[in-house]
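Below are two complexes that have chain A in common, paired first with chain B and then with chain C.
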Partner chain A sequence: MMTRAQRAAEDERYRTWKGPYRPYDIIKEGTIAITVIAILVVVLAVFFSSPDERAVTVKQWARTMPVNFLQTAAGELDGTTETAIYGPPYNNYPNDVSKDSGAYDGLDDYTQHLWFIHLQAWLGVAHPINTAQDFVINPLRTMPQQPALQAAIDRYQAAPARQQQAWTVAYTSALNKAQLTASGAVSLPSGSYGPVSEMLGELLTFARAGGLDGAILNSSQLYQTDYTKALMFLADGNALAARAQAEHLLGNQWGMMNETGSYPGQVWLWLYTFWYQIRPFSTSTNADIDVMAIMTVLSLGLVLIPFIPGIRDIPRRIPLYRVIWRNHYRSLS
Partner chain B sequence: MSATTEPPRPAPRAWTTRLRERWLEELPPEKLLPDGQPSYVSSWIYVLGVLSLSSLVVIIATGTILALKGPNWWHDTGLGHFFNSMHLWAVELFFFFMVVHLWGSFWTAAWRGGRRRVWMTGAVTFLIAIPCALTGYVSQQNFDSQWISTQAKDAMNSVGIGAFFNLMNFGQMYSYHVFLLPLAVVGIVGVHLLLVRKHGVVPPFERDLLAAVAAGSADADGTAAASPAVHTDGEQSA
Partner chain C sequence: MAAIFNLNHPASYIHWLFIDVSVSNVLVVVVMFAVFAAAILLPFPHGHSNSAKEDQ
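Entry: the complex of A and B
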């Protein structure tokens, strides 16, 4: 280990080069490099192109996976989907009245945290989503020309919460026995679904016609740039995940660092994605904040390598520099 | 106002004068645009910095054209898709060259000799480039954007960033991608380059200094036996 005095002395010795120089044209080097890279990029683009698979729409989802669509919509209505119980920044977990005991108890751990640091909860509900209103009821209210549907919504909203839940539970169970008719309609056995069957049946029809894609956007204005609600609704169902699995994009398939097709993707995220593949992170409910904390520490470590004893001395202990400067050392001998 | 044969000079103590003099002192033209390079700079590893920079130039050029034409262009036209492909491959090359450049700088301990800020600005460039690329991936408006944004949101939300950095908000991500983060990358790369020009490329390890440190000798205090590398007379070929 070097002493501080030795390090200061070494620093001074390496500050300025007093040895020989060779001719060098920085502008010429830059011009050649840019030209070579531009040519290389053109060649790569010509031969390998780039992935651009069209986005999945709610319309496609409702047409190709109608039962899953209805299961998801029923979950949005009774508040059991991932979005409905996500917590900040989309909503507050409705039953979270317990104190954080530090152990996983299913209630106070709905937001991720590190010890006493609850950044997710502290930053609050920045993008509010009420899944029942935003994904089901409000879109259905855009069809006032259907009195039977509007009456069904009125009946649902006027019912006590326990009754609402009984209807959606019965409807969701029945969906497990649903049959698709030749025309693509979903046929359910008779049951006590109340107005839910009417509401979600109309929602499916609306979605298959393409209307729901527009009705669940964040803003009611013509211009749109925020797709949070539409993407959260899609992500609650299986449409995105099924395609992602086929495209090797799931979390246990090294997830989002890949991209569709056989393209390199964001390979620079390999270390970040790596943590999700191993225990305890692969099974932890706090995996995201744990991995972010690890990567923050490692990133700071990367920036501060010149100040970290041991790490900063690795290059002189493992002398790869002899390969890099072999011409220089050869000229000395 | 009377004309003089000499260009007028501002007051010596004006801050503009001091700034200019400081600039010329730290970065004289022969350092900023040198025509000589230390003799040890003769390895392929030294090409990676300029290759990273060149990739960044191509990224900005192709990105500017994509921005000029707008999002529909890269989905609906062959030429737009081609420019999108060039943008993607320039990004892949940028990261590849930058990572190898970082490794090369690590194994040469490029922070020696008062060059810590050179290393730090390089490492920060890598770290800022990551969200710059991520915002590009989620701004594509295709299935990759859908999947990456809905997956990556959990990490952002877990640390509270999701409250003001919403991966599913195309307008916000596009602004980050075409303006805010590139500005940060170009800014930090600019500082990195000026620091490299100011300090020069780190010299090789000196054998006598390594040996003195390994032996725990006090000779490493700067009075070690003269190294040919350091004390060989040589003039910059200016």
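Entry: the complex of A and C
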């Protein structure tokens, strides 16, 4: 074990190098490294190709899980889905009363926060989504030559909120008794659904034909690059979650570090996804910001290793460098 | 064009307590450790005597 004085003497001795120098061509080494990696990429691509999963679409969801599609659409209409109550950045949750301190502070309990850091609320509604308008009413309004449908939408929009909710609740309850006919149509028992039955029936037909995928993405941009709305709509239903679960991509399946198929994934994210597997994070509504805070502290620890007593002494206690430079140390002894 | 080894099929997973890792991820970790060990243990290029002389 070196004493403090010996260590200081060693540091002083190496402060100015008095030994010989050897040439080192970093350009040559970099070129070799890039060439080897490029060859490796091409060879691995030839042998293993790359993940090639088909995209999940609303059309596919409406065709394979029509009842779940209708349940989700009814939820979007009356604002009870996960997207509808998510809060920022998609919307302001209507119940904006905090119970954290027992006093109103303008921040609801559904936004993630840590102590006084209310990141989710501070960043605000950057990507507004009105689930009833964006996922149901606006796409239905794009369907031409359907006067009965347009009249149904007008009737729904003109009705008081309590009446709208009564229709969607009755419709959602009836979906639990829905039957699929031989033609694939959804048959419901008769009830007081108002215009909701016609609206959502047409939405299902539209979705099955593939029109809803485009209608939800409708924007003024020439090239569509923002798929947030379609993804949020899909995520409110069961189709996306079922696919993700089958591919081991859910958050509680260490999904952050997995890839589709049998391809290796992002192994280096193991520590991020690890926290989501254990309590209290696995059951916390604040898990994201909690994990972010832990990883920030750990990353700072990594950066500050040279200044942390004990940790910075590990190379002295476990002299692995002596194995790497064994010829040098052998020649000294 | 199809790959020589098709990996677009369901993966195998290793479960241990709450840990759930795919076999392909485990293989990547093993390869990383092997490369790390090789980087430490393999001699520097240009031969033993040359590097010993230059290091002095």
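In the analysis below, the second predicted complex is superposed on the first by the 286 of 333 C-alpha atoms of A that agree within 3 Å, B and C clash if a C-alpha of one lies under 4 Å from a C-alpha of the other, contacts with A are read in each partner's own complex, and residues count from 1 in each chain.
Keep in mind that, in the parts below, a contact is a pair of C-beta atoms (placed from the backbone, for glycine too) under 8 Å apart; a residue touches a chain by one contact, two chains touch by 3 or more.
Not measured: the values here are computed from a predicted model.
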*asked:* According to the stated criteria, A:A126 is in contact with first (chain B), second (chain C), both, or neither; which is it?
replied: first
*Who does A:L180 touch here: chain B (first), chain C (second), both, or neither?*
neither
_Quick check on the superposed pair: does A:Q277 touch chain B, chain C, both, or neither? Answer first, second, both or neither._
second
*asked:* One more residue to check, A:T228. First (chain B), second (chain C), both or neither?
replied: first
*Count the residues of chain A touched by chain B and by chain C, then name the partner with the higher count.*
B
*Now for A:L298: first (chain B), second (chain C), both, or neither, which partner does it touch?*
neither
*Classify the contacts of A:A151 with the two partner chains as first (chain B alone), second (chain C alone), both, or neither.*
neither
*With the two complexes superposed on chain A, say which partner A:P20 touches: chain B (first), chain C (second), both, or neither.*
both
_According to the stated criteria, A:N327 is in contact with first (chain B), second (chain C), both, or neither; which is it?_
both
_Looking at A:D288, would you say it contacts chain B, chain C, both, or neither? Reply first, second, both or neither._
first
_Those residues of chain A which chain B touches in one complex and chain C touches in the other_ = 19-20, 22, 46, 48-49, 51-53, 247, 259-260, 263-264, 267, 320, 324-325, 327-328, 331
*Considering the complex alone, what residue numbers of chain A touch chain B?*
2, 5-6, 9-27, 29-30, 33-34, 36-38, 40-42, 44-46, 48-56, 86, 88-89, 112, 119-120, 122-124, 126-127, 225-228, 231-232, 234-235, 240, 243-244, 247, 249, 251, 255-256, 259-260, 263-264, 266-269, 286, 288-289, 291-292, 299, 302-307, 312, 314-316, 318, 320-321, 324-329, 331-332
_Please output the residues of chain A touching chain C within their complex, sorted ascending._
19-20, 22, 46-49, 51-53, 246-248, 253-254, 257-265, 267, 277-278, 320, 323-325, 327-328, 330-331
_Quick check: in the complex, which residue numbers of chain B touch chain A?_
33-43, 45, 47, 50-51, 53-55, 57-58, 62, 74-75, 81-82, 84-86, 88-90, 92-93, 95, 99, 104, 106-109, 111-114, 116, 119-120, 123-124, 126-127, 129-130, 133-134, 137, 140-152, 154-155, 157-160, 162-164, 166, 168-172, 174, 199-200, 202-207, 209-210, 212-213, 220-222, 228-237
*Name, in rising order, each residue of chain C that touches chain A in their complex.*
1-13, 18-25, 27-29, 32, 40-41, 43-44, 48, 51-52, 54-56
